[in-house]
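Only one structure is covered here, and it is reproduced in the block below.
Every chain is named by a letter (A, B, C, D and E) in the order it is written, and numbering of its residues begins at 1.
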Amino acid sequence: MLHPHRKRTHKLGLPPGSLVYVGERPNTEVTLSVIRFSEDVLESTTATDVPELARRLQQPGTFWIDIDGVHDVGLIEQIGRLFHIDPLTLEDIVTTTQRPRFSDDGDHLFIVTRELSFDAAKRVIRHEQVSMIVGKHVLLTFQERPGDVFDIVRSRLRQGRGQIRQRGPDYLAYALLDVILDHYFLVMDEVGEETARLEEALLSDTADDAQSRLNRLRRELILVRRAVYPVREQLHAFLRSESPLIHPETRPFLKDALEHARQIADTMDALRDLLTSLTDQYTSDLSRRLNEVMKLLTIISTIFIPLTFIAGIYGMNFRYMPELASPYGYPIVLLVMLGIAVSLLMLFKRRGWL
Amino acid sequence: MLHPHRKRTHKLGLPPGSLVYVGERPNTEVTLSVIRFSEDVLESTTATDVPELARRLQQPGTFWIDIDGVHDVGLIEQIGRLFHIDPLTLEDIVTTTQRPRFSDDGDHLFIVTRELSFDAAKRVIRHEQVSMIVGKHVLLTFQERPGDVFDIVRSRLRQGRGQIRQRGPDYLAYALLDVILDHYFLVMDEVGEETARLEEALLSDTADDAQSRLNRLRRELILVRRAVYPVREQLHAFLRSESPLIHPETRPFLKDALEHARQIADTMDALRDLLTSLTDQYTSDLSRRLNEVMKLLTIISTIFIPLTFIAGIYGMNFRYMPELASPYGYPIVLLVMLGIAVSLLMLFKRRGWL
Amino acid sequence: MLHPHRKRTHKLGLPPGSLVYVGERPNTEVTLSVIRFSEDVLESTTATDVPELARRLQQPGTFWIDIDGVHDVGLIEQIGRLFHIDPLTLEDIVTTTQRPRFSDDGDHLFIVTRELSFDAAKRVIRHEQVSMIVGKHVLLTFQERPGDVFDIVRSRLRQGRGQIRQRGPDYLAYALLDVILDHYFLVMDEVGEETARLEEALLSDTADDAQSRLNRLRRELILVRRAVYPVREQLHAFLRSESPLIHPETRPFLKDALEHARQIADTMDALRDLLTSLTDQYTSDLSRRLNEVMKLLTIISTIFIPLTFIAGIYGMNFRYMPELASPYGYPIVLLVMLGIAVSLLMLFKRRGWL
Amino acid sequence: MLHPHRKRTHKLGLPPGSLVYVGERPNTEVTLSVIRFSEDVLESTTATDVPELARRLQQPGTFWIDIDGVHDVGLIEQIGRLFHIDPLTLEDIVTTTQRPRFSDDGDHLFIVTRELSFDAAKRVIRHEQVSMIVGKHVLLTFQERPGDVFDIVRSRLRQGRGQIRQRGPDYLAYALLDVILDHYFLVMDEVGEETARLEEALLSDTADDAQSRLNRLRRELILVRRAVYPVREQLHAFLRSESPLIHPETRPFLKDALEHARQIADTMDALRDLLTSLTDQYTSDLSRRLNEVMKLLTIISTIFIPLTFIAGIYGMNFRYMPELASPYGYPIVLLVMLGIAVSLLMLFKRRGWL
Amino acid sequence: MLHPHRKRTHKLGLPPGSLVYVGERPNTEVTLSVIRFSEDVLESTTATDVPELARRLQQPGTFWIDIDGVHDVGLIEQIGRLFHIDPLTLEDIVTTTQRPRFSDDGDHLFIVTRELSFDAAKRVIRHEQVSMIVGKHVLLTFQERPGDVFDIVRSRLRQGRGQIRQRGPDYLAYALLDVILDHYFLVMDEVGEETARLEEALLSDTADDAQSRLNRLRRELILVRRAVYPVREQLHAFLRSESPLIHPETRPFLKDALEHARQIADTMDALRDLLTSLTDQYTSDLSRRLNEVMKLLTIISTIFIPLTFIAGIYGMNFRYMPELASPYGYPIVLLVMLGIAVSLLMLFKRRGWL
């Protein structure tokens, strides 16, 4: 399950713009992968340090520099200096608890978002902060861990499919956001299917773990919502921005992405309503079953307790109990008992309890 | 029941504008039906392919081209090229999970909406995505499956009733939207009647399946809401649009349709509130009945358990139990028991339990 | 109880502006009552048909034409032609499921609203759609059934009280709306008093039908809300309208009516909150009572079940049970039983169950 | 408790501006107290009728005319004529069911608000409608009953403390509103303390009347909210108004009062959330206790019912029951019973029920 | 726990601008600590009275005057006169129940906020009102008690880290707000961790005090929310303000702080949703357990009550009971009992109760 918060304790009270990594520290090295492309060129390499990166940037073309790992704050600072990135922005990149947003400081566009992916093996939703900086000829992406959902974009770049190579870093940023949104749909699909499974299980009365599955789903949805809801606002700001870094041809795509984000939020709302409805159903189901159990107990008790009492009467050892001596005593008592039982059963039948 | 989501998995990561059909794949062929009309002409044919369609369009008049089936993406692409439709729009047409919306790209108006209809035989609500493209002399409609709710409009066209033949594709689009809205009213009617039936059943204590019917209704309403709510926004955008494709005479009709959409949303809200109220009623009904059951059990137990205990006392086999030898022992014990029973009954009466 | 929806089925798919009556068909004839008034004249007659109505309109003065019954669509169409009313507006008049609204088509103001009245005999809230068309010298009112709440206005007209005769149809429309609003207050009063009665009944534990009364109230409020809430919006539009048909002197009255509508909505909200609070109270009351019932059962069972067991022990017929032969066996067992009962009672006392 | 509604029945259908008193009719006479003040003069008298009042107004200075009692509509009408007050405004003054609002008709400012005070003796919240009319040199206040919260302002006037004597009627109106707001804080304090007491009572399990106290509090808060919430809006309108009757120096004070109103609304929201949380706590507390009660019953029953059955077996009078003759029969059965009891206890212990 | 309200009783009815301390009265003396700094100077002293403070202010540089304790209203008044602070503002400073806000009176910026800190020893959240007044060369901070969260800023000032010494009082105010926001994150962390612990405890069925912990958390969150939510609005006003007291270079920092405030509000919302979900879980958990308890009771009762009845039958002392004499009577009855028990067990098994 995602965590709604991450400890920020150790960051307390540093001057603003101080770079302190906030998040789980992965065991991996930071990698700097550089993709240089233009309409007819594509070159994919890995830089070992920032000076080497600076040399690469001398070449013509558009650059996509993907930094996997933001826990090496020294490196992030060097990169920040190389691209003249505002310290406050750098701070946000290494503090991996940002809410999705878009900002524009004139020279760069800054986009923070969360990548969600469903780990089918462990049946958990993974999330990771992805920050993007759109410059004139360069797109920087910062991710927490190696491994991402962008391979599809890389292969589109490699194969030159679509318009991706002809366009600038703004379109590339859009393409990455679009893939992230597509994975939100995937996560929704998983949650939706689990909801459907749960609904079926509740109908067939076989769901012993229904409660815990419901609760898990509700909590997952709460946490996914935090990542997904602000994306509409973010894309709206992206679309509205009058930055010259956004080419007019990119805008229709942003509009389309915004529409997707709205669809995701709608689906999220419907899923939440469905889960609420399932929770209500589960609760009233519990009540209904309790009623049934108690009805059975009451029927059994109401019939047998008086009968046992009668048997108890004639089990008393009083010396003078005239009925005991009568040869008809026993059959009469049995008949009386039968009569009581039958009339009670009829009463229950009439009340609709049987 | 409608599904709040459809799998989009296989679409993942394609460049934007890629046409991949998302939805259930029907077994049917795609049909291209063409209706050409003007004030005094009406010609209704079926085109077999896009070139033939293109030839037909040479003729004068207004065209309504209805494409039944959007899973043949090759065909959709050809149509897109013929009418210069934006690839992103084409993508939305074949992705049958859109939320209702209106957009205007200058040359065309694009309207996505959901058609709801109540299948009385199976007692389910069917839904289908309907996309419309309004051009200068042509209205394109894209539907998922053959069979729709538009026959009434076709017959109005055929008979030349109303103003429908004198007007352009914008009015035709309105007329189709209006029929779709009318079917929303129908679906509301069905839900409303089921709600009323359920309410009556709850009052008469005979509703064993009340819970499942309630839950089914609530979930249906959640899913219908997703289709219906954004329609207000959509019609508002349609009405506000300053596109020259919308004739001034069409606007009052759009205003009227917007008013209908508002009415539907109001009805939806009232139905939701009614269902919430019914759910609360069902739950407190369960509690009330449990109380009654438990009261009976408690009355029976409270009366007979002490009596059985007394009988048990005199059923003990102690040699020295003076009461047993007394000739009045038995009647006295019976009287004591009667006394206890009567006083307990009076106590319950006073507490209002009987 | 009001119905949240009325069947619109038979209207399906007609061209817009088609007049089909939607609503319950009353058995009564449509009546056309005409009141002609000016500062010193008042003439109240009944027209038998539309041509006669047209002749009457030749006379000077202001006209209030009240049409009681909208199911005779032919008549409505004739009236529409006489006053040049838009077919879409006529359609809304005969479709008695409109939500309250105000619209202005330049020549006329169109007001749809719902009249609520409390039928004290049957203890139900009646409702009726009232449409008004404000023209230059004429006010048309369309009602579903004969019998309305406007007699007070008629008598004010007759007696010339207030400013009503000096003013035009806009003021008359306001006066009618004001009376309708006053009846909303009356309906609120009734609901409020029933709420207060219910609250008292819940406090005194005597409310066996509390649940059904609560549910009836909640549902009534849901349906009343649909009629009442949009009135604020409607009056706001009326007030904001720059139509020359609204005289400046009428505006302060509209402002006042708007303030009343806000007050009604506030009262409605408070009533809804009160009902929610009563529902919660009823539910927790059920739980509290169940707890009491179960406590009694548990106390009785916990005390007597072990005692009965002890009696059962000494009721066994084993040949060798040394206690049975002892002369102190019986009193000792009785004392032990007493001891157990007393200590259990003390335990319950300490736990606060007694 | 406050009433969410007051009967308006007897007002029905009068022409607008008709003065009919709506509210409880107090037994007291209406008093007209007049305070005339300027920086160095203060004269406090009581006028017996309106002509006398008119004479007094000839004198120089600022006037505060406080009318205690609005049920004498003849008097109110006279006052209205004297100060040229709009009949609709007069109607609102005598209809003591207004929601707080501010309006400006050019010559006067009209302020309606509700005065809340906590009657410590009867532990109820009292409320009263206070209307104010701000004129050029005069402030009129209309109250329902004698006795108010304004004595503090009167003594400030008398002692010339603060700036109150140097300023005009607008500042005086502010000062009165401020005192009313201060009493809202007092009422909040009372509700807050009762909430805290209730919370403690719930924690210590001693609250037998918790439910009724909770319900009383919730309903009081609903009714207080109706008085308090619109005050923000009202003060905002007051502050925004560009009337020359409001001196620039008064505006910072209005801003301050608005801030107080916001604080009160915030406190109200927090109190409501606290009460909701307490209600939930009470409900789940009931469930928790029921669970405990039922656990005890189940433990006792589960242990003793089987044992009693075994005792019953050996209490049967069959002639051939070999166990009965055995000298070890009795001790063995006792041991078996003990074994069953112990193993059941251990089972319950392991399940955490003991 | 924080208190949602503090008594304001003793303030009632004083003229606006009257200084009366509202809050708990600490036992400490008020201290006036003065920090004078410029790019290369830092001087930290304590003033004993206001005249001494006035002398200090003659020196060049930027001043941070921190007043610890606002209960000495005389002193506050002197300070107010020294810095020409508006009496209404002074009143707000000593009334420690303000909601966070920003205001600008031209000469000063006035910021009220609440400092939250988690006292790990007592496991409570402490809160304190902090007011700031930003002047041209001076920042005044007013706190309720000695001891605060600002030591980190003091040490940054002392060490000259970051830009803090080069900038003016506006930046210093931002730096203090930023530290306060950082402590909100800390408090969120604590609440979040307690939530996670609670969630785990609920899953492992070991949480006997779950209910009280849940309720404590919910109430704490309600009270924290009151402090935290208005901060977004406050920082928005700060950022939007066009006061020349705010240097352009400070604005990006304010933007960043606003982003943090939004993040905090988001986290708060997610925490609240999580707590609601946990509460629902706890409630349905109680129901589920009750069901289990009742099932056990019902199974035991349903099996043994009929068997005990049979044993009771043959425990009766009728002289003529043929079965008793039969040598097979006893074993047959035992077999019948076994048969009943087994068939009931199988029935329960089939119903899924076992």
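In this text, contacts are C-beta pairs under 8 Å (C-beta built on N, C-alpha and C of every residue); 3 or more make two chains touch, one makes a residue touch a chain.
If you're wondering where the values come from, they're calculated on a predicted model, not measured in any experiment.
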| task | Averaged over CA atoms, how far is the centre of chain A from the centre of chain B? Could you give it in whole Å? | result | 26
| Taking each chain's centre as the mean position of its Cα atoms, how many Å separate chain A from chain C? | 42
| query | Of all residues in chain C, which are in touch with two or more distinct other chains? | reply | 283, 287, 290, 294, 297, 301, 305, 308, 312, 315-317, 321
| task | Name the graph shape formed by the protein chains and their touching pairs; answer line, ring, star, complete or other. | result | ring
| task | Moving around the ring in the sense set by going from chain A to chain E, list every chain once. | result | A, E, D, C, B
| field | Footprint of chain E on chain D - complex, ascending | value | 149, 152-153, 156, 161-164, 175, 178-179, 182-183, 185-186, 188-189, 192, 196, 199, 203, 252-253, 255-256, 259, 262-263, 266-267, 270-271, 273-274, 277, 280-281, 283-285, 287-288, 290-291, 294-295, 297-298, 301-302, 305-306, 308-309, 312-313, 315-321, 352
| said: Can you tell me which positions in chain E touch chain D when the two form their complex? | reply: 3-5, 7-9, 11-18, 86, 88, 91-92, 97-99, 101, 103, 105, 205-206, 211-212, 215, 218-219, 222-223, 225-226, 230, 279, 282-283, 286-287, 289-290, 293-294, 296-297, 300-301, 304-305, 307-308, 311-312, 314-317, 321, 323-327, 329-330, 333-334
